[in-house]
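Below are two complexes that have chain A in common, paired first with chain B and then with chain C.
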Partner chain A sequence: MHLYKMHRKITNLKKILIRRYSQAALLDQNEYTETPEYPPILDMSLKARKLREREKLHEKIKNVNTVEEKQIALNMPRYYGWKCVMLHEDKVPYNAMPMIQCYTRSHFIPIEKLPPTYTESALTAEIVVKEIKNLVEDAICIEHEGVDHSFAVTLEKPVESQKSDALANVLVKQINRIITNNLADKVPHILSAQVDYDPRHEAFWFVGGVDVPSNVIKWRKQYPWLKDRLDEPVDRPVQYLGAPFLAMRSHFPLKPILEYSEAENPEFKVPKFTYKPDTVGYFHAYRHGTNIPGYWPGDHDEFGLLSYHGRGHILNRNVSFGTEDNLEALHCQAMLASFGWLLAQANYQGFTTYNDLTYPLVTQTIITDGQLWSFYAYQLNTILMHNEKIDENPKHNICFGTKPLKLYEKVENGKVYGFNEDVLKLLVQLYLNTPEEREYDLKPYLGREEQVIADIEDDNKRCWLEKRYKHLVSNRPKHLLLPEIYLWEKIYKIEHKTRFFEPNRRPFELGINPFKRRLNEHLPPYIPKALRPYPKHKKKFETTYYPDV
Partner chain B sequence: MSTRWYPIYQRGNPQLRVFLPNFWMKLVHPPPKQLPNTVHFHCSMEMTKYDIRNYLEKIYNVPVIDVRTKIILGKFRKDLGKGYVVKDDDIKYAYVTLPKDTKFVFPDIFEKSKDADEEHLKSLEEAKKTFKNYIHRNKSRPDVPSWFSI
Partner chain C sequence: MKLSQVLNRQHIGFMFKKHWLVQGKRVPIDTGVEEVLRAKGIPVEDALEFVKEKPEPRERINIVGQYEQPLPLDQNHPDYKERPCYTLKNTNVLLEGIAQAQVITKTILAEDKLPQKIEELAEVVAPKTVHDGVKKAILSANVFDTEQKKLPKIKDPERPAYNFPRILGITDRRRNQILTNKILQLVERSSDTEATLSKYVVNDVECKTVFDKEDDLIQFQDVSNILVTSNKPLTHDTEKDIPFVEIPDLYPIKHTITMPPEHFYTETSKYPIRPTVSMRHPHTTWLHFNSTEVNNIYETPVTLPQILGRSLTHAFTVATSYAKQLYGENVKDLPEPVYINCIQTDGQNYHFGVLELNTLNLDGKEGATNVWYCKNNLKLYDSSRYFSGMPVLENYNPKVYGYINAFYNC
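Right, the complex of A and B next:
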């Protein structure tokens, strides 16, 4: 033992004392080239370094293999979740259109007829309408007068809007049933399509170029090097939550309405909206960003065909808002719902808010209360609108939308009066829009072999990731209380240092912001000694498989 | 302003006519960068959203679309001289939304007094300069009173 140690020491000494070469090493001849090659000159200013850091992060997220890991990676910087601007589908404040257009980067085109791609299906639609007209009329009568609907009333919304939504919900399901039954043997894509009842549509993205919150300006003021950058905009996390009545999806995406090159057409302009979202009437909440298009990753039918939404929230709006703003609220809802659903679908294809789409995606949205129907067609061209790209990105999304159209005038004594076949025809035309297989790779940013975590072979890793992902997107409240600064502390410790003699133990006294904690900054589950591998194993905690970003 | 506490109106009671109600609204300068169609007010704590809407519509004929109110905690400050912490009163804020085509610009009330302020500043600067010169001239003979020199 001792000898061994001595030996090691002597060799170490040898290394210091003995020179093992007689002359300087030969220089490598290949070092010289015809023209001098210099390393790239990098801008070493603080701004440029931070930008490179962020670009590196975006690149890392792009290189993550699976969909679920990408979603966890988006949430990695915040243990308690992002402070998101909450965009609920059914809460549209006054004059929200400019903000929603900017946040979804959509150009809105009001239309009377459907876009030209739908003209082919007009004839078929007319035949179908003739066949199903009576059935639809019957369904409307039965749902209005034949059935005594009872539904659970919540206290969160006015009863009137809940009633409207509940009736629309059952009607939409009936009409969808009638149309799909009729079309199933006529067009193959309807037969193979999946229908989701009351699915969960959620989307998360970053919007840049928004005014800076006052607390950030206050923070920047304390550093002299940030003096001339006080008003530099920051990224805002945005979360959309939607609850359609019904959504249909298929294996292939719908055909683009416009060419993809049209996305850069400067005519489709979206005005910039820099005011804070609170000035319009939107609120914030801490939550993990979630992208959920109504199914889990790895589903066979990944692309949306159409979704039905309610318009009960229009009844809650203030009378003073006026009819014109109510119409705009519907457009806002449609743009949000379409963008949100498509963004979530794009996320399942491996794109994120940092890595832009490479092809357009299309969906169709219907907003209805049973009687009034508005139809929207939306083409998603870009999802890149974070701080660095919001001004540079030349692409825009495009939304075509009609005004609300009346399907019927009234229902009386078991009869429908003033039934409008043209509206039903429009609806059938949306169903007849055929999805097509695309020639290019739809998932360029996902791994070759591992595209979802179900493809991972390592059992531990797969199970851990599945559990973590599902728990993350459930947004369940934390087991422990959130960190909090009590009011007495704010008064007597932060604003007025009246207790300077006490030891500094609270996070704000140690200069720690607990809300900056990263997702993986926690102790992994403990492995009890009895469960550790035999004979001796020093590993106390289980392995975690957070993506390395 | 009346100091009387008026009873809340219940249906069926005789209508109460108030000559000088306890209601007031103060137009305040909005924090930078607001939507052009919103106006900020401080108002009395008893006013509800309906009161604010009626106050603006009935008295000033202002078209009101929406009213949002918020009570902001008063500031905590050290009492001058005493040194203990005291709290200012809470303030009720009212954010009033006007129709989207209207544009509200906060009036510049002290436009004229700006020039006067600048003049004051100029004279102050000059006084500072002469005092500096005086100190510089007499730096070699400290503690000599000013009246002593020629």
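Right, the complex of A and C next:
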């Protein structure tokens, strides 16, 4: 025993004493240059160092290979999820337009007819409208009076809005069926396009330049070096949740409405909104950021063509809000829905809220209750709006939108009165907008070989990442409850130190913020001894494959 | 937060509660006032004499809620009937499956045999783009859809008490919805314009039929997940000289077994599309088999004959409710047979059937009978899922699409 120990000590000593490698001093004659080459001069102030740290992180996320790993990387800093501003599609508070415009960086252009790129399809649309007009009228009659639908009513929302949405849902399906059946022989992209019913649209991004919350000011006050930076704005994580009735997507993206250079046009500037989102009426929730455009990464049809949304929530709004605000609420819903869906699609192309788009993306959004139809065309130019870039970024997104237009006046005794063909024509024109293959690389920030985790060769890594990603984006409740400061602790331990004699054990007593825990700060699954590889293996825990950011 | 942990600590609310408890049980102390007063000649009266009267009971306020409350299910309910009605809903199955369904609906079977026209149309080869579309639809329904809802609990028969982690994923209801709708969209887009113009498609509509059979009142309530209707009634040229499976004898079982008797029902049948609509004639009805929703009432797993029986009762429900709308509630032998196509699927297996409804006189075995042509257990694919992190679709069977297409275009 002693001998064995002795032997080990000697070998350890040897390691220190004996130099195994040696290198001759390199005598490089070219060490000197004519003009001196200095390393770059870096600003060593705290602010600049922190900024470089963040830029390094953004660069790291950019260099991650696969889509799913990038999404995990976005969520790495928070084990319990980000404290997100929750933007629901069907809850628009009063006067939300300035905030939504700033948060989606969208310039809104009200229009009467569709933008100039649609003029080519106007003639074809007129022919199609003539063919399908009677069919659409019949469908409206049948859905209103001919079929007994039984809608499942939930207690969570007012019945009125649910009924409106349910009717819109069935009508939208019928009209979509009629138009796609008609166009399938005329335009090739309709046959191969996929139609999703009730897909899940979610998007997550950071918005900078928001006023500082009071608790952050309080926290900053305790450090002397932050004294003159108390009011420096912070980043806010934002999460959008949407549920369209129907969405159509294809393999190629739609053509841009405007030139990409137009994105930097100062005319499209969006006013800044710095107030806290609580002041408008939006709330917070702890959750992992998710970017989901209705399908998992790896699906063949990755680019959206159009999506239909309901406007039942307008019925729930207070009457005193007025018609003008209701109209703005529709614009807000459209901008959010379009931006959210496109951002999620952009994320599947390898861009994130830290790495900006290199080309524009386009989608078309329709908001309807069956009778009133509003049409929107949206061009996504930039997704960069976190704290450092919100003021510098010259690009803006552009949203074209119409007012709600009436498709028909009323339905009575199996007849549609006042049918408006122009509205149907607008709708058909959206379908006729043909997606095109782009000449440049659509996925510049994804790996050459590995673009989604299904491409990864290592079996263990692939399975682990797949499981972790789905677990993360499901946002299922944690097994253990979230850390909490109980009220009695706040009173007797924090505000009045009446229990100073007790040992300090709780996180707030040790100066730890439990919400700053990183995603990978947990014990990996234990490998029981019987399952460890033969013969002797010291590895107690399974490997994790979190992205290195 | 566990209560016991906090109770051990300083808790002002808890302290107050305890204090109230102690203070609430106070015993009145004799202060000696009474004697002093009596000595001075002032009469003392018992306070309890003044508080003897009980307060009047207040009228209950009828609170009008946000929603209408359902009426209580008792004898005063407008739908209450003395006579029980044996009910089969789309979440229940018949004990004896197809055999029992045959007895109730008085139907003879032509197994593995569909009308000639359908067989011919099924042979037509679809272009490759369409099959690619079907493959995309299968993958989209099983793999790429982003629904994350709780799936049924996993049980290991070896150790039934063991709790596996609950998996989130695509529910069978959603999977079937996506798959069938996408396949139907493909069929419609690749069909002739004439075929699509004469048809109409509705989702999730309810059919109901009530009928008498040998002194029992029976009702079938079914949901047609997709109902394709057309502008003229469907007809088939059927063969009469094929070996039919005759109506079996269920003895000792009665044909109403596992159909719970109900007392709240209406005696009228219901076809979801009103007679004013021109495209109301049922053409093809799609039925989803969602294994989490369809159960035996005795908790045993659902067997294959039971699933096949479900197809027959479903087609019968749609056909009879339509026939009753057409010829009146009390029609017995139909002047012209009503045909309907039925496709049942659990996503993977497809059961095709064509019902020829000749009669609604369902007593006994004699006289005219209904005929059920069927072709069962066609597999669309062997497996489609995430297999070790990779999307997989194994052994796609193009024949099934041929049959679906034939059913739509016949």
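Assume the second predicted complex is superposed on the first by the 522 of 549 C-alpha atoms of A that agree within 3 Å, B and C clash if a C-alpha of one lies under 4 Å from a C-alpha of the other, contacts with A are read in each partner's own complex, and residues count from 1 in each chain.
Going forward, a residue touches a chain if its C-beta (ideal position, glycine included) is under 8 Å from a C-beta of that chain, and two chains touch if they have at least 3 such contacts.
If you're wondering where the values come from, they're calculated on a predicted model, not measured in any experiment.
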item	value
Touched partner set for A:His496, first chain B, second chain C, both or neither	first
First (chain B), second (chain C), both or neither touched by A:Lys173	second
Chain B versus chain C as contact partner of A:Ser320, first or second or both or neither	first
Which of chain B and chain C A:Phe541 touches, first, second, both or neither	neither
Touching partner for A:Tyr286 - first (chain B), second (chain C), both, neither	neither
Dominant toucher of chain A (residue count), chain B or chain C	C
A:Val195 touches, of chain B and chain C: first, second, both or neither?	second
Touched partner set for A:Thr274, first chain B, second chain C, both or neither	first
Touched partner set for A:Tyr94, first chain B, second chain C, both or neither	first
Partner chain(s) touched by A:Asp211 [first = chain B, second = chain C, both, neither]	first
Contacts on chain A seen with chain B and repeated with chain C across the two complexes	492
Chain C-touching residues of chain A, taken from the complex the two chains share	135, 138-139, 142, 145-150, 155, 158-159, 170, 173-174, 177, 180-182, 184-185, 190-192, 194-197, 199-200, 292, 294-296, 298-301, 414, 453-454, 456, 459, 462-463, 465-466, 470, 473-474, 476, 481, 484, 486, 488, 492, 499
Residues of chain A defined as touching chain B within the complex	93-95, 211, 214, 274-276, 279-281, 318, 320-321, 325, 491-492, 495-496, 498
Complex interface listing, chain B residues touching chain A	31, 33-35, 37-38, 64-66, 68, 76, 78, 85, 97, 100
Contacting residues of chain C [partner chain A, same complex]	1, 6, 9-12, 66-67, 129, 132-133, 136-137, 139-140, 143-148, 168, 177-178, 181-182, 185, 188-190, 193, 196-197, 200-206, 270, 272-274, 276-280, 386, 388-391
